[in-house]
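Sharing a structure here in structure tokens format.
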């Protein structure tokens, strides 16, 4: 079997190495020399070839067994501590891999003119993006807890440099540090749990050289107290990553200070590791603890939904606003995951994809807008009446906004309704009430999207903004696939649901059935 | 009279020590007989060859020792795989450290005073510098220290351990005092190190005396026919078996002596001062190698004693564990918390070294034999990152630009005189632009120390915390994790300054004191204004300014830094082969 | 006379030495305190050797003496160097490094 | 009719494709885009007509067809097909939407002639038609919701059509947003209802939910659940149909171009709530409490709208209030069970014609008067705008319910139904019957007022330079069609109960009851009060002079002029507290959460700064630290072990 995932992981690494070669040389902005100006095209080429590889992976993926982990490989990595290089994706993982792979070329294209002309700087930038891509693909494929953890932490570093070194806000360094400190803080707490997991697994008779394989760990009965502690360790890390109230504080700062492209990769893809981790690690590894914590988690998730939406309404900075909307959406995703119903879980899985498309579109469009402002202002108040000046930009922004508020007909709606309906019938006590409590989130979403649209695009054009250029061809090429994807998946969600249904069924069965032996075998199955 | 029986000595087992210490003796002879011009090269070659040879013997010995540990002359040298592993790590790290020491950089000067005994600022010192004197004695001293460390980690006999302690310490005291610049600081560091070191040695040896009083022997395991401390405790044949207070106090004092060398709180106070004041290459060598030797010795002593007492009196065992746990917690807390407010790179690395001592102790506190392998790995990972980091520090310098002045001391470049190291964190701003590769390497070392995955430091930290968890001290691991978060914060601060901030290379008159720390003594011996407090501030010329520059390595330091960087990555990504080795090292309980 | 008194004496001497280290300012005197501690140790070794009836302790005392001598060499060198630079042997004057 | 069922998707498809071409095509389609829009709508109407004629040819039992297109969403037990339900109810709507819609498209070609963004306008109109048809043709609540929000979106876009480049641009944009957000509040109800349905029945398609609600077996929905679903659906309907308490957006929505008001905010979209109620009849019937609430909401709104209508001087706002009131009638009827459903839809249909006619007439007047909307600046227009005058007159008579105009047939049915006795609650018939009659009287007053303030009066009250004249034929032909509908549609469908019978397969057969009063008495009373109301208005606004400035008026007038303080009430009761909460959250996030996290690094720095003083630089203190450390560790070890050992 062709190791599709390994290739998908390796190829961007090759790209990063090729493009990054010489990036560490001294910065110069002088006259053109050999190889100048190649960084961006080369990186784009690499990311497009990666898309082609992704198509191959999709072709090789057996959708009739979407709940199994496929396309992977397993090699011993550090047998002394039980770590293996084990990759494999089920449908959910594959979709997230696809999201990562698809967004990267768009982000590169969107950022085409963002980082100036300094070739060395550009090389660093695109190399970091490609490196991040490799890490993201890998983390969504990891089937070994240790490998997952390593990637979970390691990918913070390129992200950190992308925020701090290539951001556009004045507070980017602070934001980068805040991002890293929050993430590492959570990650290190998770590290304690990872270590404990290993010893419990070995104690339970798992082969020590493979003790981090998810498929082995699923079968281990950890004991109630230990399981709950470890659940907390993992969950806190994922909640910070997700991000969930009250450990969300880093996100608005990052959104406000990173470039929109970076924010897209970070919030639309990288943060999914949090929810993905909850779905594929917390739930299967700690089923009892998940059930135990679910009422609390659901409450926090719903609070996140409302909190993020309210904060979004109150923002004056466009990019921070988009960041806050994500807090709200991640709340929905987490809500769906902890309903333990096939519907809610499938909805959350689908939503992870959709949020990436919708918020990505919103971030990038907002970025196009900001890049047009003479002072690159991110303040909403700096704009007015632009619909008549830049109609296509306004339309794109509106569509992205409508996707964010989950307008029926767009993919986001399908997933949101699945989550809400699923949560209403959720297994944990009180989930119906919390589902109802989350519904006002849809009203708040309408307020923050339309209020922003109203302020920026309606009324009389602000002075100095009445001759802004409309979306360029390059920018339209960036927006088009995202919008098209949202529409197509909204009308034919089955295209994606095929991939998430079976994993969701298995997860829900695993968590709600009393005798989990068979379900465990299914959960952990690797092909 | 019994007939004299010549002891049977396994010379091969002693070979690494003999090579290194013997080379040190030869080095002393070299000082006496080799002409001055050739001395430096000879010494460097000799030193590197000795360390490489020592390592070669260790490699040869390895399979044999792994199969069966060896006791030489009744345990005076006891080669377990663990001890031999520690020896190997010390040899490797010392080799890299010597490379940094040997580098004269593009300034043509090494980091050492031409005549360390000369009073700073005197004409004699000036003369010595002008005549191009060099202090090549540092190389034999380094060899003696390295040999002492290797012995320190591989003996069963507490008196031998004491002697090894002195053999490793005394050269280091001297080396600390030999900095070319900022000589007052250097001498102060040496004095503090010496006084506190001697104090700690006294505590150690008194502890040994008490143990001797209790058990009638100073060997821990001893030989079958002459059981050591453990043996007499287990068999209950200790002469003063009733006075276990002697044993407890003795073990406590011995442990304190070792913890001093490890740099654990509350015996850490010398660390920041000495690390800051010593010549930077020596700091790197000392920070890396001493830590290995001290931790290895600590592990051996503690684990051996714990085996002995566990059977008899679990209480004592618990006491020991509590001591280590308390010390570990304090060490992590102090190292990280005080480290987070430091403004000097060397001092920051010193506190980082304290914090790492804490993390190491977290693993040690698990009292699980498996921990030995992870401890060795930790020491290796920490050591290479430390030597690399201090190696980078040696290359980041201040440069004083005095337009039109005919400064004749030190090589005059196109744009000024290169002074001492720029160790203020603020001065490192914009380093990423000036020297991307060097900054990249330094960032890598910082990330490794911070324990970020895909660097050696992560695997190491993973192992240390695993040790605590396997010993049932999961809460200690959690504390360690929290301390790591704080530690990450200060590494990150340095990283932010280097990579993201712009250099403040605006013209700066020398009225602004170039360096904060010991500002009155900067300049050291290299400039004519001297280094004494009374002299510095008289030189006020409006056009002078000090910028930060990166000098080029003449090779050795660059090699060392590159090797350290590559090793950091390889140990982070593919640690398996090395883990295999260190795993063999824990095969036998010491 | 009870032989344990020697042990007590050794402990007392050791404590006096330690106190000297902690309380005196002159580096030479501080160092003498350390020497006193080492010699207290020697006394303890010899006493215990007598108690146990073997010579090991006495041999060990020789080792300690040698080490003490070596320490004196290095220590005095450092202290003298500092004295020549600063015209002071007070340990409280060397505190440029702190914080 | 299986041979033509394949055409059904084109009902939605034509306008959708039209919208896509117009909105994505850019300036290239500017020249002919509006005709494409008309064509798309007309094509849809033709398809509707074909399907309708075939459906009439079927026996009643076979008139309902579910046309499956593709499986839309299938996950975790929720299986929703993308399918169309063609039955008499939905086809009635299809005819209304496509026919009136096409007329309004045609009208708009002329009305929007001078607007540079006419193409975009037609794109939005097409989008609306597509969404509205999706709404009524959906075979599940979920697909209905797609149309439901789709029309909301189209409404949003069209209300805010002039959201830049005009002095009122910002207000228009705010009005659009207000409409969307208030609709969303209602949508929460629909989402919650779907959640309830899924948990109770495991499905959200009509074919599963409605029979389950009707059946009382074990599979059925319990009355409590049915009540909850019913109330949630009512919330949704209130939002969409501007019923109390979510009525506040409709008046502001008049900011959109007048054809939009006619099509969306009078004839079709706002009546979607009634459609939802009627479609969900079985659920309401299983929940008498919910039914009662529906009736109450309808009654309150019909009076509310009527009262507001009496005081409005803005012609469009007066019509909007009237719309609200008329939908109140429909809602009231929808709450009365099978007896009322048919009349609710019947009134919806006739109202669709006469109110669209009235709005287009108003548009014609505005067109003639330079976009003036203040009726106090009209007067005496009958001579200048004869066609508009006649067609609006027909609409006026229809809404008054004068026989034989169409409003009579439908509204009278509702009033009669309101007088039907309810078992165990005799007060209901009297209360709601009276309200309905009272509403009719007020309706007569305000519509007469509107009609005569505009067309009557002895002297015009125009502003400077007004030369009113009829618009192009494209504008008045639709008026004529709608006028004819206003006049005749009621009689055509009402006599002999044709329409009631037509809907019977969907809404069920109503048991015949006698009203609490004899039918002739009801009819007579109604007509008497209607004529009375009209006469009062005639005396006040046709006979007497109408002042150009509005008099201060009574307390009630002032209240009605300000929509009975609905905005102030919303502001005080909802917006301010909500904003307070939001401020609280914002301050809390900044000062508690964010600052809370930043305390951690600060604390570390503080401790670091404090403890670094211990590193004093004095050797002796270091040595003391070591010695102290030895002692402390010894003591601690002893203490801990000692205490531990003592246990």
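As written, the chain order gives the labels A, B, C and D, with residue 1 at the start of each chain.
We adopt the following convention: a residue touches a chain if its C-beta (ideal position, glycine included) is under 8 Å from a C-beta of that chain, and two chains touch if they have at least 3 such contacts.
The structure displayed is predicted, hence computed values, not measured ones.
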item	value
Centroid comparison with chain B (C-alpha atoms), farthest chain	D
More contacts between chains, C-D or B-C	B-C
Most central chain, judged by mean C-alpha position against the global CA mean	A
Chain B and chain C, separation of their C-alpha mean positions in angstrom	25
For chain C paired with chain D, centre-to-centre distance based on mean C-alpha positions, whole Å	96
Inter-centroid spacing, chain B versus chain A (mean Cα positions, whole Å)	43
Inter-chain centre distance, chain B versus chain D - centres from mean C-alpha coordinates, in Å	78
Multi-partner residues of chain B (at least 2 other chains)	191-192, 195, 199, 203, 272-273, 342, 489
Touching two or more other chains - residues of chain D	601, 612, 615, 617, 619, 623
Chain C, residues touching no fewer than two other chains	18, 21, 30, 91, 94-99
Listing of all chain pairs that touch each other, if any do	A-B, A-D, B-C, B-D, C-D
Chain D - residues contacting chain B, complex	601, 604-605, 607-609, 611-612, 614-615, 617, 619, 621-623, 625-626, 628-630, 632-634, 636-638, 640-641, 644-645
Sites on chain A touched by chain D in the complex	181-182, 245-246, 248-249, 307, 310-311, 313-314, 341-347, 350, 385, 387-388, 395, 402, 407-409, 413-414, 417-418, 420-425, 432, 435-436, 439-440, 442-443, 446-447, 450-451, 454, 457-461, 491-494, 497, 500-501, 504-505, 508
Touching residues (chain side chain B, partner chain D) in the complex	191-192, 195-196, 199-200, 203, 249, 252-253, 256, 260, 265-267, 269-270, 272-273, 315, 318-320, 322-323, 326-327, 334, 336-342, 486, 489
Partner chain C, residues of chain D touching it in the complex	612-613, 615-620, 623-624, 627
Chain C residues within the chain B interface of the complex	7, 10, 14, 17-18, 21, 27, 30-31, 34, 37-38, 40-41, 44-45, 47-48, 51-52, 54, 56-57, 60, 63-64, 67, 70-71, 74-75, 77-79, 81-82, 84-86, 91, 94-99
